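What follows is a group of structures, each given as structure tokens.
Both complexes shown next keep subunit A, but they swap its partner, so subunit B is in the first and subunit C is in the second.
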Partner chain A sequence: MNENLFTPFSTPTILNQPATIPIILFPTLLILTPKHPINNRLTTIQQNLTRFTLKQMMMTHNAKGQTWSLMLTSLITFTATTNLLGLMPYSFTPTTQLSMNLAMAIPLWAGTVIVGLRFKTKNSLAHLLPQGTPTPLIPMLVAIETISLLIQPVALAVRLTANITAGHLLMHLIGNTVLALSTTNLSMALLASTLLVLLTILEIAVALIQAYVFTLLISLYLHNNT
Partner chain B sequence: MQFAASILFWGHSGHQDSKMASVVPVKDKKLLEVKLGELPNWILMRDFSPSGILGAFRRGYYRYYNKYINVKKGRISGITMVLTCYVLFNYSISYKHLKHERLRKYH
Partner chain C sequence: MPQLDTSTWFTTIMTMLLTLYLIMQLKLLNMNPRQLPLTKNPNLQTHNIRWQPKWTKICSPNSQSQQF
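Moving on to the complex of A and B:
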């Protein structure tokens, strides 16, 4: 029981070779590129969704922040499709691995900080001290704000990892419970299966929300720094 | 009339390259036209360079795309087939671990 609870999170292998790269690249097959002014149904749906999210996300930024729109749109598309594909049975979700989420979070966060420090040095350093603090508290508060700044990428990565991993684990556990209970106590099995249904709906929402939150926070850090 | 002309033509070309087993070179034939005895030769003569393999994936992708998705009234089965294949692919990859989770030890 202990061993096979975490095997969905181990590296997928084809003939003992790690096969993570094809699995990470699989969502690209599902994202279609529009070629004509009027496309087929699926491309139109995806195009409308992309335009909608792009408009929502990039409305609050000025011209300099909007140069990041490609990066942020591809981020939210990748995270959302990867999380949703992870809800398929037997699939491997790359976003459950902390290594990958750190690799996404640290460069993007560092990019926002560096952009802020380079182009608006005074403003971005001024963010380290909230307005209206009493003078004796200033050194301590600067230290605290620096720590909270440095912890942002770690928080981004760990948030995404923990949410998706916890959701998958919970689904596995409750699924095993339903299966084991179905032979002994059928009514409890039905109760647990309704729980499973609700949990699946929650997981779909979590998959989308986590993608959104990740991207939103990065865009927030960007907004502060441009 | 046309039948006789084609037989005459066949006779001529057979006379010219009588050493070859068929008229078209084996390399250029599609899979369903290759005769069974020529199959090993056909497989070995395929383009196994990276660009060749990439080209094969591209052709396969566009064949599926143009048949099921790039149509006027594309239905959802175009995507669900892909997702089902994805699920089966992952199942086959993790079969080694799933073997131990069977409900009965001997089937």
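Moving on to the complex of A and C:
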């Protein structure tokens, strides 16, 4: 039972070759690049979406923060398309792999911390102590704030992994239940509707990407400005 | 949990780095459309072509001979 549940999350192999490489590269094929001044509808839709998310994300940043706009736009596009593609049956979602999420989270978070420490050393260090704390509490509070800072990348990675994995697992389980109960028709309709609702709620996987990029943005913002 | 099997971690991470940092960013860079020729402002040339008197003072031969 345990083995069966988690096998969708093991990295796929075709003839013992890792199939993760084309699977991870696949979402880039879906991003169309325009060649003409006026393109077809799909390209224009993608362009408008990209421009819209870019504007929404980068509005709150100053010039220095906006140098990160390409990185963050590619991050949100990659994560969104990967998660949405994983909603298809029998597909493999790379973002369920802790390895990938850690490799995404740790360098980006470290980048924001280093930028903050390098260009605004006093400001970023001052974030370790909230305003108005009584003096005897200061050492403890600095320790707590440091821990909460150091846990940010781990939280980012594990949040994404756990949410996507849990959603996929739940869909598997409910699907199996519906199949097993199909002989007794009464419960099946109810459970089928639950599965449908869960699927649409799972398109809040896109909201999860928002959460990912947004939390990254927040730390970037805090480290760049005040 | 198969996600904790570290044998595949290297492949996954490398591919993700390639995709995210290279290919995706190249695609997004090429997404910006070239500007239509008509959208350029045609009035740019007529902006300021009047000779300002202060330039006469700066550009006159007397003042320029003092600069080396």
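Criterion: the second predicted complex is superposed on the first by the 182 of 226 C-alpha atoms of A that agree within 3 Å, B and C clash if a C-alpha of one lies under 4 Å from a C-alpha of the other, contacts with A are read in each partner's own complex, and residues count from 1 in each chain.
Note that in this section a residue touches a chain if its C-beta (ideal position, glycine included) is under 8 Å from a C-beta of that chain, and two chains touch if they have at least 3 such contacts.
From a predicted model like this one, the values you see are computed outputs, not experimental measurements.
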{"item": "Room on subunit A for both subunit B and subunit C (clash or fit)", "value": "fit"}
{"item": "When both partners are placed on the shared chain, which of subunit B and subunit C touches more of subunit A", "value": "C"}
{"item": "Partner chain in contact with A:7 - subunit B first, subunit C second, else both or neither", "value": "both"}
{"item": "Contacts of A:78 with subunit B and subunit C, given as first, second, both or neither", "value": "second"}
{"item": "Which superposed partner A:110 touches (first subunit B, second subunit C, both, neither)", "value": "neither"}
{"item": "Subunit B versus subunit C as contact partner of A:24, first or second or both or neither", "value": "second"}
{"item": "Partner chain(s) touched by A:126 [first = subunit B, second = subunit C, both, neither]", "value": "neither"}
{"item": "Subunit B versus subunit C as contact partner of A:42, first or second or both or neither", "value": "first"}
{"item": "Touching partner for A:91 - first (subunit B), second (subunit C), both, neither", "value": "first"}
{"item": "Closest approach of subunit C to subunit B (Cα atoms, Å)", "value": "14"}
{"item": "Doubly contacted residues of subunit A, that is, touched by subunit B and again by subunit C", "value": "7, 10"}
{"item": "Subunit C residues within the subunit A interface of the complex", "value": "1-6, 8-9, 11-13, 15-21, 23-25, 27-31, 33-34, 36"}
{"item": "Subunit A residues within the subunit C interface of the complex", "value": "6-7, 9-11, 18, 20-21, 24-25, 27-28, 31, 33-34, 37, 39, 46-47, 50, 70-71, 73-75, 77-78, 94, 96-100, 103-104, 161, 165"}
{"item": "Residues of subunit A defined as touching subunit B within the complex", "value": "4, 7-8, 10, 12-14, 19, 23, 26, 29-30, 32, 40-42, 85, 88-92"}
{"item": "Footprint of subunit A on subunit B - complex, ascending", "value": "61, 69-74, 78-79, 82-83, 86-87, 90-91, 93-94, 97-98, 100-101"}
